[in-house]
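Next come two complexes built around subunit A: one with subunit B, the other with subunit C.
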Partner chain A sequence: MKVKSNIDIAASPLRVSKRRVPRAMSDSGKMKKPDVKLVLLGDMNVGKTSLLHRYMERKFKETVSTVGGAFFLKQWGPYNISIWDTAGREQFHGLGSMYCRNAAAIILTYDVTNWQSLAELEERFLSLTDTANEDCIFAIVGNKADLTDPKALEAEEMEAEEEGAEQPPSHPASPTVLKQVKREDAIALYGRVLRYKAQDERACLPAERMCFETSAKTGYNVDLLFETLFDMVLPTILKKRSENSSPTVDLEECRGAKQTKAGCCS
Partner chain B sequence: MEEEHQDKEQSETVRCSEPQSHCSLDEPDSLQVANTISLENSSPVKLDCSTEKPCRSSSDTVKDIDSTNGPSEPEPEPEGPEGDGMSTRSSELSEVRTGEENGPSSQPQGTAYEEDQPENVSDSASTDNTLEDSSEFVVTVLARGSLEDQGEGPSSALSEASSPVQAQAPSHRDEDVTAESWRRHRKHVFVLSEAGKPIYSRYGNEEALSSTMGVMMALVSFVQSGDNTIRSIYSDEHTVVFMQQGPLVLVSVSCSRQSEQQLRSELLYVYNQIVSMLTQASINRIFERKKNYDLRRLLAGSEKILDGLLNLVDSDPSFLLSAVHCLPLASSLRDSLSQILQKAITPNLVFSILIAKNQLLTIVQEKTVIEDTRLEPADLHLLLNLIGASSAFQAGEIWTPICLPLFNPDCYFYAYISYLDPPECTVCLLLLSTDKEAFYAVADCKRKIDEGMRTQNALRSIARAQSYSASQVGVSDLRHFMYKPFDVPDNHRQLTQFTSPEMEAPYSSEEERMRLLDLYRYMHSRIHSSSRPLKLIYHVAERETLLAWVTSKFELYTCFSPLVTKASAINAITKLLRWIKKEEDRLFIRNPPKYSTTPNPSKGSRGGKGGSDRQDTTDNGFLSLL
Partner chain C sequence: MSVKAFELVPAVERELLMGDKARINIECIECCGKHLYVGTNDCFIHHFLLEEHTTPKGKLAFSAEKLLHKYLGLKKPVNELKAASALDRLMVLCDNTVTVVDMVNLEAVASGGARIKGVLSFCVNENPVNGDPFCVEMAVIAAKRRTVQIYMVYEDRVQMVKEVSTPEQPCAICLDGYFLCLALSTQYMILNYNTGASQDLFPYDSEEKKPIVKRIGREEFLLAAPGGLGMFATADGISQRAPVNWSESVIGAAVCFPYVVALDEGFITVHSMLDQQLKQTLSFRDGHILQDFEGKVVLASTKAVYVLVPLPLERQIQDLLAGRRVEEALTLAEGAQRNIPKDKFQIMYRRILQQAGFIQFGQLQFLEAKEHFRKGQLDVRELISLYPLLLPSSSSFTRCHPPLHEFADLNHLAQGDQEKVQRCKLFLISYLREARSTEGANGCREDVDTALLKLYAEANHESLLDLLASDNACLLADSAPWLEKHRKYFALGLLYRYNGQDDTALQLWARVVDGELQDSTRSDLFEYVVDFLSFCSNLDLVWKYAEWALQKDQKVGVQIFTRRAVTEDQTGQMSPDAIIKYLHPYQEATLLYLEHQVLDRKVQKEKFHTHLAVLYLEKVLSLLSQSPVPDREVTEAREQLQNLLKESSLYRVQLLLGKLENTELLLERATLHGKLEEHDKALNILVHQLKDFPAAEHYCLWASASQEPSYRQRLFHLLLGVYLDPEAAIAPGDEHAHTVAAVDLLNRHAGAFDALSVLTLLPEAWSLELLRPFLSGALRSAMHARRTSQVALGLARAENLLLKHDRLKYRGGPVLVSEKKGCQLCHNTFTEPDCVCLPGGVPVHTHCAAQRARNSPRKQPSTTPSNHT
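Let's look at the complex of A and B:
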């Protein structure tokens, strides 16, 4: 047993390139435990599921309130990134810390038209991140920007042209809903989050880069958000990998690797 | 006939009210209880109430009060077993109503009551405006039927009520609760806390209904103050059923003509669905700590699950029969599906369930669990409803805590929910584990199941599986049936199931389907009547003839064309039973397979194999009635 695992570990740098082959062949790439974890947190009805849906499926759809948490796997280059879309309802509050365990990045989502949703992030959700990685990356995301920001609305038109898809014949010419949360508020919250996590503000990513305003409805900034974060968590993956080749044997890791091999040979 | 039935029920209600309660009635104390409670609860919504008072509605109310009390008061008297208890009861009822009804003395009806309870009226009149408004509603709801009779001619209240339900399905939450269309809904369900705080309303916003719910709570606590429990109120068209479960009070206001027993069991489903999300222990704990806690904080977002449940309860006979409907499938295919599930196990996995088109394909259970207790159909219904109401999009895998109230109301299972056939999303896999942290291990089981399904091309076979048509039975005149075999000793641990063909013409429209279900509900209520249960009913209805039969081995409801004769119907049933016997392997899950995932994982694989040995020897008796 021990010998086997040693071999696997020795082979680990190779696995990266090898694993892509069976995945392309039989879609069994999901067998592998994900490399890194990203979690969406935020009050109910701020649009967490819609954001993820927009990114994964390229469309906006009426969603129903999420039950518990939903797990998605996203391939990002050679890496498997797992994304947890959590329920914002208080009912599932107790589970939050479980979904956040060892998370490499956490997206704190609020609704730009709802001040309370930003306040909730600090009151209710911040403490859930205690179980996340120590060097966890935080992003503060204000969704529903299409309601307040003409720029976000325009994104819809661009998107429509790109996709060539049918779009509703008319949409409100100008945003009508009052914006309740300013970008500065989100930036201030980002600072407080870092202080809460006792991370050094100067060493961390600057607030300007980590505060987003998005619209799941029009797609505004959605790709930017996810892809920025994916790129940012890459160093975490590499670090984890190098840690794994330390003398400590991770049996889970080995089992995963074995299965991959079997899939490859058969 | 039906009236007679109702009267019986009513006399029962009467019987359960002890004579003492009427003594306390005459004491102003007990009245105060009712008054104070409705006051407390209705005070936060003064605003709403004041807007709710167009002059038209007040004149309506007058009519309503007239008509409710007219028929309902004298009704019990002739039949009452205890003359005294009876009359006190009726006076008590009217008093409960007056306690809240008689707000403004400007209403002529109010004066009629004043004669009976002068103090009472002055009490409530002096209290608050809110009182009168909320009560006005309850009374009108109770008496709505009679209003319809006057206003809208002879058309049946039932069909009238069901049409608006379908017309405006999506936006019930924003409905105007003062509108006539709101009152006309076929079945209202309300959930409130013991403190009278609204928790859920099927139609309309609970917030707007807090005064109404306050009145409901007042009724409950008023009767409670006399060491009694309010069970139901009957009016011409409506049945109001009350149920208290721990700190929650559930109320059903229905004009569906269902029996009290049926409405009560539906309320129990609602309660259990709430428990499935929060657990009974935590509900009790919350209210012990804070009596006036607003449970909507925890249930926010779950309204759709409850809405979905109530729609299912109305449209799916599984709930009526407390049995599970499984998709007919060649037994060899079902077995191979079970085997796929049996092979994909991980420690602490207790149930593996495969569902297609909202019907059960197969279920595999942990060995020790199945020995201890079994999965109740009701728990499975709640699970199916949860899946239906939560949308996992395509590749998503859901991991959520869920409590199975009948299995254990105080603990959570962790449910893994994923579709095996994205993007169609018709075949759903449900894995239940007791380990909160087991997501990745359970998700791995899904990969194995995926793999197994792929190698056997099982998804394609499942897609071909279909329900059947009544014509396949080969009995002319038979339009539809529902057959539920009872457990027989050899199959004691069976999951209670039933089988039923597709509803086809003339039951292809929504209304006709509902009408047939209503007929079944009526037959069911007669069979299961607590006062006079029946074994066999031959019921000639206007457009069809129904025959229901219950024996120690099965419960059967059949629907024939109207021209069938009694003899030919009985003959047809014999043929039908023979057909079911022949097809039972396909129609039912005969031996729910098992696996063992007890903590020692090495034992698990052995258990899996052991479970796959089918116990074919135990088949006899399952349907040996012919």
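Let's look at the complex of A and C:
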């Protein structure tokens, strides 16, 4: 049974058009050279892997705690973006710095129902980002919003209707778990992150745009999160490309572009 | 899991190495081409020649031949061995000392310079930076001093070129270019010995667990990480691949693309670098060493040596496909792309794609199957051949061998599930359609089109007709029985037509029209056939089927002729005369054909007009002879007749008049008299016999339609005369009616009469009031005529006056013409005295003036301003 929540539909989040991503997971096998790197950091169990699954495969499924790390390649326009899912477990903590090396964006993930998971970001994970790019973009993401926020729950109903009601909502429609982390807490953390990175708060992206509350379970704000970040790292890609651009002509690269123009002899 | 990627094959058995001496263990190995060196804990180096051969069962096996063993005389274990085949040297680490010995006789190289002391471990640079082929680069961990030294090893000496210190004591080392990858006591790091730049990788407690550093390719290393991980790191300190998940107790690891092979206490594990999944586990007890030498993975327990032989990639892929693990198989194939020559890869990859497609096809995953068929450039006939009877019997196709799939045919695949069969058929339809519109059907268009035709016919698909009506390569011999079987006779006819067999097509269609064969494709098949015949250029066929068509329905059948494009040739088989003659037995058809000629095409031929008129007449007469008389039809038929009689002036009037002699068709007779200008007869009929005064009035208008007004006047007077004729035998009641008619006529057409002569005709008794409209009308028009002529007269006078004035003006003085004077128009001199004077008295030649008058647009010459008022 579906229970309509009493929230006005018009207030529901921006709908992002759905894209089918066939063989998304095995894309990594083809070893295309990624143009830019995005890293998900955060304590175990906050839902990093689930967020990536939701985005890449458009569904929520059972996960096992990540071992080591995993990565996905996402085609974004003409660019390949690699997204690293790291392991939150203490045991793999040491690998974090290496994953973050040269990252263009880092998603610091916590669980809105778990205060400690936010605290860990500052205590344990922030220092791992030392190896990231100088101009690395940070996003603070509170996951599992479906447990505390009726708005996030509703996303599922719409999604389910659209997908032919694959998975009927299995839990009560009204959120039952106490929200431990408020958005203001995340915004405050964002400010401290910038200070830690010695970045000028005024010159940086505003906290309002960089703090998200998401639900991997319902898909709430998930597309918005990733796609906002993709768009934000595009300048980094262009910068990197122009730095790397050599006088050598890459025939493979040029072929596609050339064909559209009329040849000089035609 | 469960790809069989490797097989463990024994290489050197225990007996050959240490026999039953229990204390002796293998410490290290080196393999270089066929040469295998084994170092033992009792300070021996054993040298074997390893030959590869295939057993009668087709398995790979090794036989080892012992060439030599050499005691180094130190009672210490031999720790490491490394061959430098270009130099024929073997580097040996024993008792913290590296010695360079001869590869063949294992004797130390003579001079004492070929020896390094205080060494914990060493490695050779497989990506050397110095270009000398007779020199090997080596990195050495100094035993106690927290330094790494770089040496150049020559045939007979070693030379240190660099020494770098490290933050902690290193315990494992690897070298690629200038990059040292080091395991320190608490972490891994990358160190560029040329620039001194370093990069921390990640923490690792080397005390607790033995670290692994392994070069796996250009500037990329594989490292043992906490939690039993195999981590990849580049020289830049970045991970480009996701880690693989080993066990905690891993001892050694190597890469044999696309797999990472690792050894732990009880097992060899095989992970794919492509998806990080564990693919195979082989049990291996007492494992001790796992190393790869030029792509060959060699393992050792403490007592024996084995080779881990990779199964051919294709075998692995086939195994995966057999397990229906399509994605994995494709990933494996794609991953191997750069290790296989391009054309060989293409062939292999295509086949795999095709197989993958068939697996998905079998699972009814049509979208994916289609994509794989397309990418694998599948011969469409492979797919068609799955469907029984679709390929033409004449097709030369045979399925590829070995087969691409396990299905005998569609029935086998569907296991009797009819719904599945249907879905497969729909898929094939869409697939073949696409193949037709792309290159996909190249070389086998006949097979494809024939198969498509059969599918369409069977499925009652509307596109069947489109296929046959457009450019196609359907095989007639194969398709015809199929279409017959499915009662697609109309379609079959189209196919015959496409193959130039119009006669057969028509024969078939005629049988359908006649109800001999059942096919409801077209309810208007008869019309279709007629239409076809009207275009058919084969006249023999047209005549052959025209009779059938006319007998079936004259009205439709005659369209064979009426729709036919008009040819220039008016005398041949298709000339109208010939057709009319042919149509003779079919009265209705003849009539329609003549109508077409006379009314539509407006052919001006007396014969046709007369014939048509006669036919119309006959129709009317035959209708009239029926009882009861069908009034409506008679009216219609007479209208047709009357129209023709009125409109046409080509028919033979006398002939028709003769035919009308004894009939009641008075109106028609009147019209005919009118045609002969026998108006009095006509009006007599209309007024006296028919008593139809409006018709009489109409007659006058019609008969004078294209004549002078006086003609009409004459007719009206004539009619008036008929109305007022006292001598005509008028029935008692008619007199009054005639009077009324006459008055009406006069009043209605007042202007058309000559009032004076009318007045003389009128009986005295008529009141003025009765004729008021006539009289006032007549008066008005008379007045009008009078005034108009007065105006005209005045204008003419005025014009005359103007001309006179001009004339007087021009006659003003004498006009001088001499031989010296030139004409103003042509500028030639005058030779004769005749001349014309232009206004102003200018003399010009007569012919010049005439010329000018002709050229001038104005005919009226007098436009010069007049001084008259």
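Just so it is clear, the second predicted complex is superposed on the first by the 210 of 266 C-alpha atoms of A that agree within 3 Å, B and C clash if a C-alpha of one lies under 4 Å from a C-alpha of the other, contacts with A are read in each partner's own complex, and residues count from 1 in each chain.
Just so it is clear, a residue touches a chain if its C-beta (ideal position, glycine included) is under 8 Å from a C-beta of that chain, and two chains touch if they have at least 3 such contacts.
Quick caveat: nothing in here was measured; it's all calculated off a predicted structure.
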{"item": "Which of subunit B and subunit C A:63 touches, first, second, both or neither", "value": "first"}
{"item": "Touched partner set for A:102, first subunit B, second subunit C, both or neither", "value": "second"}
{"item": "First (subunit B), second (subunit C), both or neither touched by A:239", "value": "neither"}
{"item": "Partner touching more residues of subunit A, whether subunit B or subunit C", "value": "B"}
{"item": "Touching partner for A:92 - first (subunit B), second (subunit C), both, neither", "value": "both"}
{"item": "Partner chain in contact with A:209 - subunit B first, subunit C second, else both or neither", "value": "neither"}
{"item": "Touching partner for A:192 - first (subunit B), second (subunit C), both, neither", "value": "neither"}
{"item": "Common interface positions of subunit A, toward subunit B and toward subunit C", "value": "28, 30-31, 67-71, 89, 91-92, 94-95, 98"}
{"item": "Footprint of subunit A on subunit B - complex, ascending", "value": "277-278, 297-302, 304, 386, 389-401, 415, 436-437, 439-440, 443-444, 447, 451"}
{"item": "List of subunit A residues in touch with subunit C within their complex", "value": "23, 25-26, 28-31, 67-71, 84, 89, 91-92, 94-95, 97-99, 101-102, 131"}
{"item": "Interface residues, subunit A side, partner subunit B - complex", "value": "28, 30-31, 33, 44-45, 53, 56-57, 61, 63-73, 85, 87-92, 94-95, 98"}
{"item": "Subunit A partner contacts - residues on subunit C that touch it in the complex", "value": "187, 200-204, 225-227, 229, 231, 233, 236-239, 241-245, 274-276, 327, 330-331, 334-335"}
